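Following are the structures in question.
Both complexes below contain chain A, partnered by chain B and then by chain C.
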Partner chain A sequence: MVNETLSHFHGGLVLRHHKKASCEQPSKPAGLPDYLVIALKTNRGICPVPTISVGESVLKGQVIAKPEHPMGCYSHAPTSGIVTALDHNPTASQDAISALCVTIQPDGKDQWVEPADQKKPNTREQIVEQIKQAGIIGLGGAGFPTHAKYLQVPDNNTALSRETTLIINGAECEPYISCDERLMLDHPHEIIKGTEWLLKAADANKAIIAIEDNIGGVKKRLSAEIKKQKIPNISVVKVPTIYPTGGEKQLIKVLTGQEVTSGQTPYSLGIIMQNVATAKAVYDAIELQQPLINRVVTVTGESIAEPQNYLALIGTPFSHLLKLAQCKDDVDKLIIGGPMMGYAMPSADIGIDKTTNCLLALPEVCTKPEIESMPCIRCGDCVKVCPQELLPQQLLWYIDGNEQTNDLEKAREHHVFDCIECGACSWVCPSHINLVDFYRFAKSELTYLDIKKAKSELAKQRHDDRLARLDFIKAERQAKRRSKTSKLADKSSAKAEISAVLARIKKQSEEKADE
Partner chain B sequence: MNKPYNTSSAPHIPARINVQAVMLWVCLALVPATCAHLYYFGPGILIQMLLATSSAYLFEWWCLTWRKQPIKPFITDLSALVTAWLFVLCISPIAPWYVAVVGMFFAIVVAKHLYGGLGNNIFNPAMVAFAVILIAFPQSMSLWLPPSGLMDAVSSINQHSLNLTELFFLIFNGSASTPIDAVTAATPLAAIQTGLQQNYSLSEVIENPIFGNYGGLGWEWIANWLFIGGVVLMYKKIITWHIPAAVLMTTIAASTPFYLFNNDVFMSPQQHVFSGGIMLAAFFIATDPSSGCSSFKGKIIFGAGVAILTVLIRNFGSFPDGVAFAVLLMNMSAPLIDRLTIPNPYGKKPKID
Partner chain C sequence: MLNCIEQWGLPLAGMVALATVFGFLIVWVSKKFKVEGNPIVEQVNAILPQTQCGQCNFPGCKPYAEAIVSGEAPINQCPPGGQEGIKKLAELLDVEILELNPENGVEEIDQVVEIVEPDCIGCTKCIQVCPVDAIVGAAKQMHTVILDECTGCDLCIPACPVDCIIKIPAPIANQIHRKQKPALLKTIQEAQSW
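Entry: the complex of A and B
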């Protein structure tokens, strides 16, 4: 499945890394903040049902929300304390969208809940179930529920002898972010162990840990750990540092030379991909029986005096981490994620969620563009860098052209839905057009129009069905009447009919008399 | 810390380049060829530059005001300078003053702003201007100066006697102290055409000393410098290799059969490549992004089309050079080519089984 020689994806960017500053020291614990705001909703918009109420005290690791939907995920209390609120708050996601959050006031004891005394899982199903119970979602950024990836694996996978490859994604291609690199340096043992469990869950033959070729020391450390644990089917592969090589589709192309068919999951190629931090979370869940309640977050940027990776509890407010890293007060943008795809947050009171890999605080000198956006000159720089091989400037023409050119359907024809929103086009645009914004708009607008169209089509179908039904009833009635009149036209049958009616009346009147 | 943070969307770090820098690089890439022009054909180009640039900016400013567009970003984007510069490299250094003014009117007002301004032009503004001039003032386009190496051979009067003052008179007044015919010479392509019309064979025509080793004397060096400027643009990633390669290769490929068929009538491939506007078109005109194709396949088709049309017009048309018309015709076809060459994105490649 995986080629000896690496392939490459189209386009991409070579960016300045800015990673060194935050990655020099091992990650430090962020400690207990004054309060924790835990968003229940996952990135996929599915909200689990809270199992606690305001005023209740919770223990560390206690389930605070249970999913109803198969794609939902569990939430656990990151520390012991009292639930002080269960309400809507801005969350660490795109546009800081408001969602149901649990606010916990820590009591400082950090007391664990009684462990459920789970045995080490033996079967695939048990592993997947434990992953689900631990509330693990993809920690790389997209936040896809981890257990759901393994539901695709058929039970008779071994019988089918289908080759499956597990790719552990350690390619952090966005500048500034170093949490995965730090994790691989600090916890190689846990990552390799977690990978071993995932191998079992995926029924996979081998695992590849992909890392970027610019991070020193990581390959050595992981390889030594693999040797120590004697797991020959895990290998570490260095991939060229080209943004966005850490994107799922791009990494698969680099490692295998194959492309995931549009609209399908990597499993169609026999590939399951997980982030390194997810592998570590799986280790915690199975070996230590600890649910996912913390993660490594990079706190960095030109406004941060001491860039550092922190092991922070889920729900830790940004402000707590910024204070630890000695944030200056010249922050213009506070970004979760990296500078290419991250979301700028309106305030520092929001709590981190499971997918928050980086807090990037940038002063105005780093963010301000030197000129406002200009019209597209169709230079084609965006075409050159697009890792999905789209025509970004054509898309813009159809989305934000003039009245004659605007046509979202044309944008669909030009594959707007294959855009991965990596921001490479926006970054290279000499006219400084925020192209990705337009594609996001087009995607949501098209999705909305599709739903609307489906609805109206359904309504039209119902209306047509109703008309057909009425017509049918009418026709039936007419047919009945016609058969009656035709019967009366014939004299003998008319007589028989009349006598039958008379007999019926007579019978009825007799019955009445009897009463 | 209390003021709300800036929440504009990603990317959060500034872009690597801007429109102004792109245009500036195009101008810089034109400098060597312009110097060569200056060396071979005298300071006339400087006067034309001044004329074209000032009228271009005047029209640009007027159009922006009239269209109620922000003046500063568009005036400083240098695109009008690029248009004027490309136009000047096409016209005769002794063309009368109104040539540059009329040309820039059509380039900036008609080709650019009537179509919606920067980035929205369907036709390359410099080529629109040049085509208009070719049709409206054919006379002025046929009057070129002989290259400086020929001062004694071609005209009885030394070309260098045409000093700046005389050039000014020639351009603004239409007259000079010396008779015009005495100081002018035809362009190589025009010489070939008139020569052929007078039933000379091509080999006889190119014995004329205005021809050099492989193109026109002087012209071939301007073409070389344009090539070098173009390579710089490719190195700076302002243009891709697709269009220049397609134009040059196709010019050679399309002219070779004609040449082999009858080299008395049809020019040799190197004559084609190093004469007239083909080198300028390959690197600076056909690569104009707004009026060209955007996909890589489309760019190659576009470049090839420009080359084929140019060769056909040169060989069979009534104009000595056909680059301007070829570019304009291909500009028209660009949207169609783009529609037919939408690349298959990642994950939508046709399966080869």
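Entry: the complex of A and C
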């Protein structure tokens, strides 16, 4: 499946890495913060239902929310303590959307819950179930529930079963972010072991760990570990560092030369992709029986005195991590994620979630644009760099052209939903237009209109049904009345009816008299 | 004369035969593929928001659609459809875009209704007026609104004798976070003054 020679995707950018500073030291534990704010809904998942109430004390690793929807995921208490709040708070997601959060006050004991004493899984289903129970979601950034990826794999020996390749994505292409690189340097054993479990879960015959060619020492460590564990079907491949090579579709194109078609999942090509941190989380879940309660977060940026990777509990507030990394006072923008795709956060009190890979604190010098955005001159530079081979300038034309051209449906036809929001078009735009903002707007508006449309169709259906029902009842009543009047129209039957009624009345009055 | 018939008779008969065949064919096709209802009314109805609220002074979206098509009503009487709906109607019917008629109401953000359950007396009046059967309950039992099916038409509010029906934001707000359209400067002067 994988070509000997690597392919390359359309467009992309070569960016400065800014990774070295944060990646020099092994990641440090971030310790216990004063409080933890755990967002229950993560990115694309469906919000699970909390199983705890305010005032309850929880133990480390205890389930605090259970999913009802197959796309939901479990949430666990990252440490022991008391639940102090269960309410809506801003979360570490796009626009810091307010969502249901559990606030936990740690008691400092960090006491584990009694382990459920699970056996090592034997079958595919058991592995997937343990992954689900551990609350693991894709840790690369999109946060797709991991177990859901394996539900599409058909059972063994059926006509549908196919050759599957597992790709472990270690190519974090965005500048500044180094958590995956540091994880591969610190925990090669865990990653390889986790990959082995994922191989079994996917029923795949080989795994490729893709890393970037600019990071030193990682391939050596991983290869040594693979050799030590004698797993022949895992290989490590270096891919050229071109942004956004770490994107799912881009990495598949680089490794296999194949493209995932619009609206399809990589499994349509027999590929399942997982982040390295997810592989580590799978190791923790199966070998150590620990749910996903912590992750490596890069804390970096020009405002950070000591850039560093931290192993932080889920829900650790940004402020705690910034303090550890000795953040200066000149922060203008606090960004979660990298400079290309990250989201600016309005406050440092928000807790990290399972997908938060980086905290980027930048002073005003770095964030202030040289010039405000100007009208599009249709130069087409954005088309050249778009890794999804879209037409960014044409999309802008339909979203923010003029009265005559604006038509979001046209933007949909031009595949605005295939935009991965990598920001390459905005980066090269000579008019400094934040193109991705327009696409995000178009996506949200189109989704909104779709929901409205579905709702109005449902309402129409229900209204029509109601009218039909009312008509039916009316017609039934009329038919009843008509049958009565038609009976009376016939003289003899009317007489018989009247005499029957009179006889009944007479009988009743006689009965009364007898009493 | 006879010569003429000999010369033209066959082609004429052929033409008549063909005309008859096609005539029957047309009649058959028009019966077989008959379009039920007025397709333009259906198209207009598809643009209307189907709240069935009656703010347009017609008893539902379809009657209003029929009135628009027959020319009895202008296109600017639907507040839930808003300016965007008027624009779509104008495009479909190739008429001028009008401003929403304030007499019919104002465009509101998505709202639905909720029954304050402790106050409900179980009179079933709201159930009877709900155009989409989104309220469930029985006589002298507490009623409740199925939020996902409520269109926010507010017809139940005046029907309630104890005023226990209130407006709340629609659940659609939890499903999708609507973003603001980013602004783009239109001239280089504006950009340079930054």
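The criterion applied here is as follows: the second predicted complex is superposed on the first by the 447 of 515 C-alpha atoms of A that agree within 3 Å, B and C clash if a C-alpha of one lies under 4 Å from a C-alpha of the other, contacts with A are read in each partner's own complex, and residues count from 1 in each chain.
The rule is simple: contacts are C-beta pairs under 8 Å (C-beta built on N, C-alpha and C of every residue); 3 or more make two chains touch, one makes a residue touch a chain.
Keep in mind that what you see is a predicted model, and the values were worked out from it rather than measured.
Once the two complexes are overlaid on the shared chain, A:Lys333 sits against chain B while remaining clear of chain C. In the superposed model, A:Glu259 makes contact with chain B only, not with chain C.
Contact with neither chain B nor chain C is seen for A:Val237 once the two complexes are overlaid on the shared chain. Once the two complexes are laid over each other on the shared chain, residue contacts for A:Leu269 go to neither chain B nor chain C. Shared-chain residue A:Val58: touches no atom of chain B or chain C.
Once the two complexes are laid over each other on the shared chain, residue contacts for A:Met374 go to chain B and to chain C alike.
Of the two partner chains placed by superposition, A:Val385 touches none, neither chain B nor chain C.
For chain A, the partner that touches more of its residues is B, with chain B and chain C as the two candidates.
Look at A:Asp465: by the touch rule set out above, it reaches chain C but stays clear of chain B. In the superposition on chain A, A:Pro346 makes contact with chain B only, while chain C stays out of contact range.
In the superposition on chain A, the residues of chain A touched by chain B in one structure and by chain C in the other are 95, 371-372, 374-375, 434, 437. Chain A makes touch with chain B in their complex at residues 9-10, 95-96, 175, 249, 253, 259-264, 329, 331-335, 337, 339-348, 360, 362, 364, 366-372, 374-381, 383-384, 387-391, 393-394, 402, 413-415, 418, 423, 426-432, 434, 436-437.
Interface residues of chain B facing chain A in the complex, by the touch rule stated above, are 1, 4-22, 73-74, 77, 79, 116-120, 237-238, 240, 289-290, 292, 294-296, 338, 342-349. Against chain C, in their complex, chain A makes its touches with residues 94-95, 97, 371-375, 399-400, 433-434, 437-438, 440-441, 444-445, 447-448, 451-452, 455-460, 462-463, 465-466.
The part of chain C that touches chain A in the complex is made up of residues 45, 49-52, 60-61, 131-134, 149, 151, 172, 175-182, 184-188, 190-192, 194.
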